[in-house]
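Letters A, B, C and D mark the chains in the order given here, with residues in each chain numbered from 1 onward.
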Amino acid sequence: MELDELLKKLEKKEIDFNKLESYLNPNEAALLRRLFIEKNSGKSLSSIGSTIIDFKDVYGKNIENPIGATQIPLGVAGPININGNYAKGSFYVPLATTEGALVASVNRGIKAVNASGGVNVIIIHDSMTRAPVFSLPSISYCKLFINWINENFSKIKEVAESTTKYGKLKSIDTFVTGNNVWLRFSFSTGDAMGMNMVTLAVEKACEYIEKGFPEAKCIAVSGNMCSDKKLSYVNTLLGRGKTVIAEAILPGKIVKEFLKSRAEEIVETNLRKNWLGSARAGSPQFNAHFANIITAIFIATGQDVAQVIESSSGYTWAEVREDNLYFSVTLPSLEVGTVGGGTQLPTQSEALNLLEVKGSGNPPGSNSLKFAEIIAATVLAGELNLLAAITSRELGKAHMKYGRKMNV
Amino acid sequence: MELDELLKKLEKKEIDFNKLESYLNPNEAALLRRLFIEKNSGKSLSSIGSTIIDFKDVYGKNIENPIGATQIPLGVAGPININGNYAKGSFYVPLATTEGALVASVNRGIKAVNASGGVNVIIIHDSMTRAPVFSLPSISYCKLFINWINENFSKIKEVAESTTKYGKLKSIDTFVTGNNVWLRFSFSTGDAMGMNMVTLAVEKACEYIEKGFPEAKCIAVSGNMCSDKKLSYVNTLLGRGKTVIAEAILPGKIVKEFLKSRAEEIVETNLRKNWLGSARAGSPQFNAHFANIITAIFIATGQDVAQVIESSSGYTWAEVREDNLYFSVTLPSLEVGTVGGGTQLPTQSEALNLLEVKGSGNPPGSNSLKFAEIIAATVLAGELNLLAAITSRELGKAHMKYGRKMNV
Amino acid sequence: MELDELLKKLEKKEIDFNKLESYLNPNEAALLRRLFIEKNSGKSLSSIGSTIIDFKDVYGKNIENPIGATQIPLGVAGPININGNYAKGSFYVPLATTEGALVASVNRGIKAVNASGGVNVIIIHDSMTRAPVFSLPSISYCKLFINWINENFSKIKEVAESTTKYGKLKSIDTFVTGNNVWLRFSFSTGDAMGMNMVTLAVEKACEYIEKGFPEAKCIAVSGNMCSDKKLSYVNTLLGRGKTVIAEAILPGKIVKEFLKSRAEEIVETNLRKNWLGSARAGSPQFNAHFANIITAIFIATGQDVAQVIESSSGYTWAEVREDNLYFSVTLPSLEVGTVGGGTQLPTQSEALNLLEVKGSGNPPGSNSLKFAEIIAATVLAGELNLLAAITSRELGKAHMKYGRKMNV
Amino acid sequence: MELDELLKKLEKKEIDFNKLESYLNPNEAALLRRLFIEKNSGKSLSSIGSTIIDFKDVYGKNIENPIGATQIPLGVAGPININGNYAKGSFYVPLATTEGALVASVNRGIKAVNASGGVNVIIIHDSMTRAPVFSLPSISYCKLFINWINENFSKIKEVAESTTKYGKLKSIDTFVTGNNVWLRFSFSTGDAMGMNMVTLAVEKACEYIEKGFPEAKCIAVSGNMCSDKKLSYVNTLLGRGKTVIAEAILPGKIVKEFLKSRAEEIVETNLRKNWLGSARAGSPQFNAHFANIITAIFIATGQDVAQVIESSSGYTWAEVREDNLYFSVTLPSLEVGTVGGGTQLPTQSEALNLLEVKGSGNPPGSNSLKFAEIIAATVLAGELNLLAAITSRELGKAHMKYGRKMNV
């Protein structure tokens, strides 16, 4: 059938707008859908239609009802010198953003840290979590239920892991409110961010649990104590994704030359802005703009961008050491993967490849750990530069230079 | 000069990788930069290079050091029926995401609300804020300073507004911690999200304030009580961007037919997951996945994506009313604009145009208000559907259907 | 009737244990009740029975079902030198506590601040709040309701103030979640803490509001946004009770001589403990032990001790200034009164009298403001000393000296 | 020497006001100190001086610089029927308060739960914590430090436990921010609340740790992640003191007869007030007034009253079950003891004795667990009654009846 005929049928609602892929291959379906909307709305969507994405590869995996793609400018910062356990060496970092001055800002920070010996990074925790909530008849059942879970951990682990090749159940933490019990499952998930892997595993585990302890009714496979795409203290305290810490020690003359500032001043800005300010605002995020850098890398590399929320939790801590500036960033719940999700898309896959973290690592998990280290180091550079720019009151100039677009 | 020659100069560091736009037009510079990195890394970046973006339009405005673009699949949900004060009628909503099942999920929610009379939306607050922090010699100066600010409000307003055509200073709230004072400026900003407009205005105001009250030293033009790209209670309580509330009332048979569930069950899931779960997790976000829908719309329409953090704060509240389901979402700090930022980019501008909110509204501000109403209505549909899917335990099936990619 | 006979009747349940005051004067009733419980339990309660409280004065006002009194050791710290707007001079501060080392700790802090010129104090906010929650049929009614409240503010104020001599309604802030609206009423309340005064006034106002806007149903006269006896950001941001700030500037030699420490060290302890530690713990209280001092004063002076929760919110901020230590405490929601509540009781009234803040001030309100200044200054002394003791590692010694009882 | 002579010496500052116990026995010292202040201030403190406390028993243990005692009215509620693991049977509960209506309120709640079969209670966690913060030269040392702590756990345990008879180290949780590491020690502490026992043990452990890992410098034996006398998510998530849950199931007719309400109404009030209201206020306490009941019991029984802050964290959860009301309270961090602190004082010791929890239990720890169960059950009764009173709008009447003193 021709597109024209299908378009008419679509207008007459003889075929379903949401199921064009039943009639056409995904690329044709995307085209038809776009044409229909253009006709219907009288608006051109030709730029959206101009994409290199092959919807045969992504339909039903990354998107439904596609009509094309959004294109976001991609800049590179770096190369940044990193001394991690996985990331060792020099990396160009891809940043997809529409926010003027962001790449330039990160870049200036990178120059300063490179001139100071680079960025050290460690990772102290790695897991992905899912926390179903169960309702029980009474609190005495809650107590029995928790005991039952602990006693049957091995069996639950077996059931959960039967759904996945890479996921390994590490622990189940329990929390109670009245007659409600949350089981917070923590898995290692190899190089995948793992949210979906873990959801499937936990669904299976819940079926088993409900059979074995029939008084417990699973209300929701996600009971918000996971916590996914939400900022929470359970994440900052117990970790979700990777807990990563990066630091750099900058000689005073580097701070002056590259950042037009002094160690004392940056420390003071950090304290009054990031600590007093966030405390007073009631914000759990004691940093200036981790979110900017993480968002730009997440978009560029096919991460689940909504997870920028918990991923940009964290703490910026700086000290004066004699004439030097000690500067660190701590990210308790950075959620990233190098397989699955949007990582296979054409531009995203190239971005990961540029960092040499595409796909499954050897050993499994090492790519996503390396990736997390690169992100944390870049966050440090971007955070450092913004604090310096605020301190030396260069924000205004940066605005003017980079077209009135600056986030603080 | 030819690209080849420039490439060699670049390798020899005779020209600056970060300043290629001094030698070449931005599109050529982007090409050269990409070729250099490809050569340097041995990795192809050809998909990234294949973009319709004209860097002459975006360089120095939205991006620095560009090498191309990231392409993200764009699907449409809807049309969704909305009864707002600005958005009235039926809208196809563009969602850019790599998360399988998201568009389908929103779409099913839309069908259910459309069959129930559509979504009502109200907006009860609209402003953009910036909160510099000042250090003072002592607390007695803090008190004098606050008095001075209040007495000189008109003059400060005049100075601040001198930098902007659309920005109007509405109020300055003061907060004190020891010898530190925050001034939280609130502006109306027309159709712009306004962060940058407000930063420039506040910088100017701070210069004036420091001259008029020399004992006050501005430590940072952003003292984190704004709060930008951070979740905070000052935002949920006093508002930032738009405070938007949406609701739908679904007959029991619609809940059953479209959502395979019952009002009582959805209410129960909402309570135990979104309220008990978030409270127990220590999360200020009492919802399931506002972030998913907001992120996808923000990417599609050129918003500042890192602002998804505070924009996805909010509350899902549901009640059983006889046989019906009353369902609402409240977004206290939704930050959006239809001019500035990434809204002018080719695909982003088409997406806004599809919603008929591109550019400046008539009257000014009406486009961004309409846009905010559309987002809130779509969030409602997506939130409703996820709660229903969790309740009826269809997540697993959705996973299987949509390629193991599902966020909860 | 004799006590013996009544005791028998009580055992036979012929008279009601909870209503002995119907048969006897309150002192006899208290005695009979105690004897009955002693007999019933076989335990002596003779110390509890040995009280100077005359239950004729307190029954039905401060207590029901009395059997006697609890006696708590009362120590004095000071005199502390205070430079406030209301408290000017030198004050002995009464502290009722069972926590060894507390009075000694405060006392050492006082010596240090006295030797440094005393404590400066300012108050920047004063109000008492109550926030009823209303349920409405839909969000469009919410918007109409808020408008109605604003338009009828004068009338609501008149109705609310009709119930009280001292209470004056200053403002009503509105907050919305779905179809729920909170009205946060703020009153000035003279020298009373005012919680009860305000509750009665708001109950009356709610009756008026429900008549004038019948679609709004008041679900609870307290909707938890007040927030009473709960720590909350609405209190720290918008204030409840008094917002008080105190500071002292200590020469380095005083820090060394009196506190065995150095300015740099105390600043460092404050940062890593009170700021990093509380942020990491997910605590909104960025201080070490405001609660200890406030609790002891509240017990001694007949305050509502459960209000120690929000009253001990607050921030400790210290800076090095050349060789000196700048030290401040900020208490955003200190709730105190010098009339009403337990302030009339014999020992409590004497304690207030010692501070010369008993009863109603001239002008009204000045006594409670003076009292708040004294508390904040004492909190500063106690906080300073604990940080110094931790820094110089003297806690252990203090334990040994003061009987293994120390809170940090 | 006569009192008169000493008084003169005191006035001439020939003897130290803070060290009168060097010259006199504690009771005489307290008297002299009081007389001096009376003379000095011209105020009578005779009620404060009239106490049964023998300062020979408490000086240097519970108080310094004593002048007498504060007397607080003590009422009894109950008896309340409890089905716990430790508390089984019927208990009169002592409540020391100056807040009119509180005892009556708890009492009405008790009647309702007794008529419904009493209160069930479980305890799911029991420990006392202390979290020192260490500063390290760099993050690589942080990682080594954490490994060292884990490897040397047995030795650290041995050292820590050497200071105490009852304290047993259960675990050490580690948290990192930049170059700072917190070690959160958890101990079982028998029947003591244990704060002091644990502080001494951790001080000793820290000395050992600093010797074994000299690059780690202990900045503060309490790094605020304990968290003592501060509300925090680390406490609600990981527990501090006892985690206790209580429930009652009330038939509809009992709710109507005793509480003048209906199950549906109480559930609605609980949701809109305690859940929506606290969420909106930014309060981590999702309850109405746990603090009132806990404060009154803490004062009556010699607990560390400032710990009411974290002890009154918690969640009130209610459900409609057919015609019945399911009602529960969850207290994640209730900190209580039956030995040490103020528990030995005359009136406090009688109050504990009345509950049959005085002193060390058999087995050790059972008394404090029983005591925690009694508190939780009483909290449930008081919370239930307040929600009912709010629902049926009886607060105003209660005010009038009980002398304008009511907290909500």
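Things to note:
We adopt the following convention: a contact is a pair of C-beta atoms (placed from the backbone, for glycine too) under 8 Å apart; a residue touches a chain by one contact, two chains touch by 3 or more.
Predicted model, so just to flag it, every value in this text is computed and none were measured.
Chains making contact with subunit B as well as with subunit D: A, C. Chain pairs C-D and B-C differ in how many C-beta pairs they share in contact, with the greater number at C-D. If you average the Cα atoms of subunit B and of subunit C, the two centres end up 40 Å apart.
Distance between chain centres (mean CA atoms), subunit A to subunit C: 43 Å.
Taking each chain's centre as the mean of its C-alpha atoms, subunit C lies 16 Å from subunit D. Counting partners per residue, subunit D has 175, 177, 180, 233-234, 237, 276, 278-280, 282, 284, 315, 317 as the residues that reach two or more other chains.
Subunit B makes touch with subunit C in their complex at residues 120-122, 124, 138-140, 142-143, 146, 175-180, 233-234, 237-238, 243, 245-247, 249, 282, 315, 317, 319, 326, 328-330.
For subunit C in complex with subunit A, the residues that touch the partner chain are 233, 236-237, 271, 275-276, 278-280, 282, 284, 286, 315, 317.
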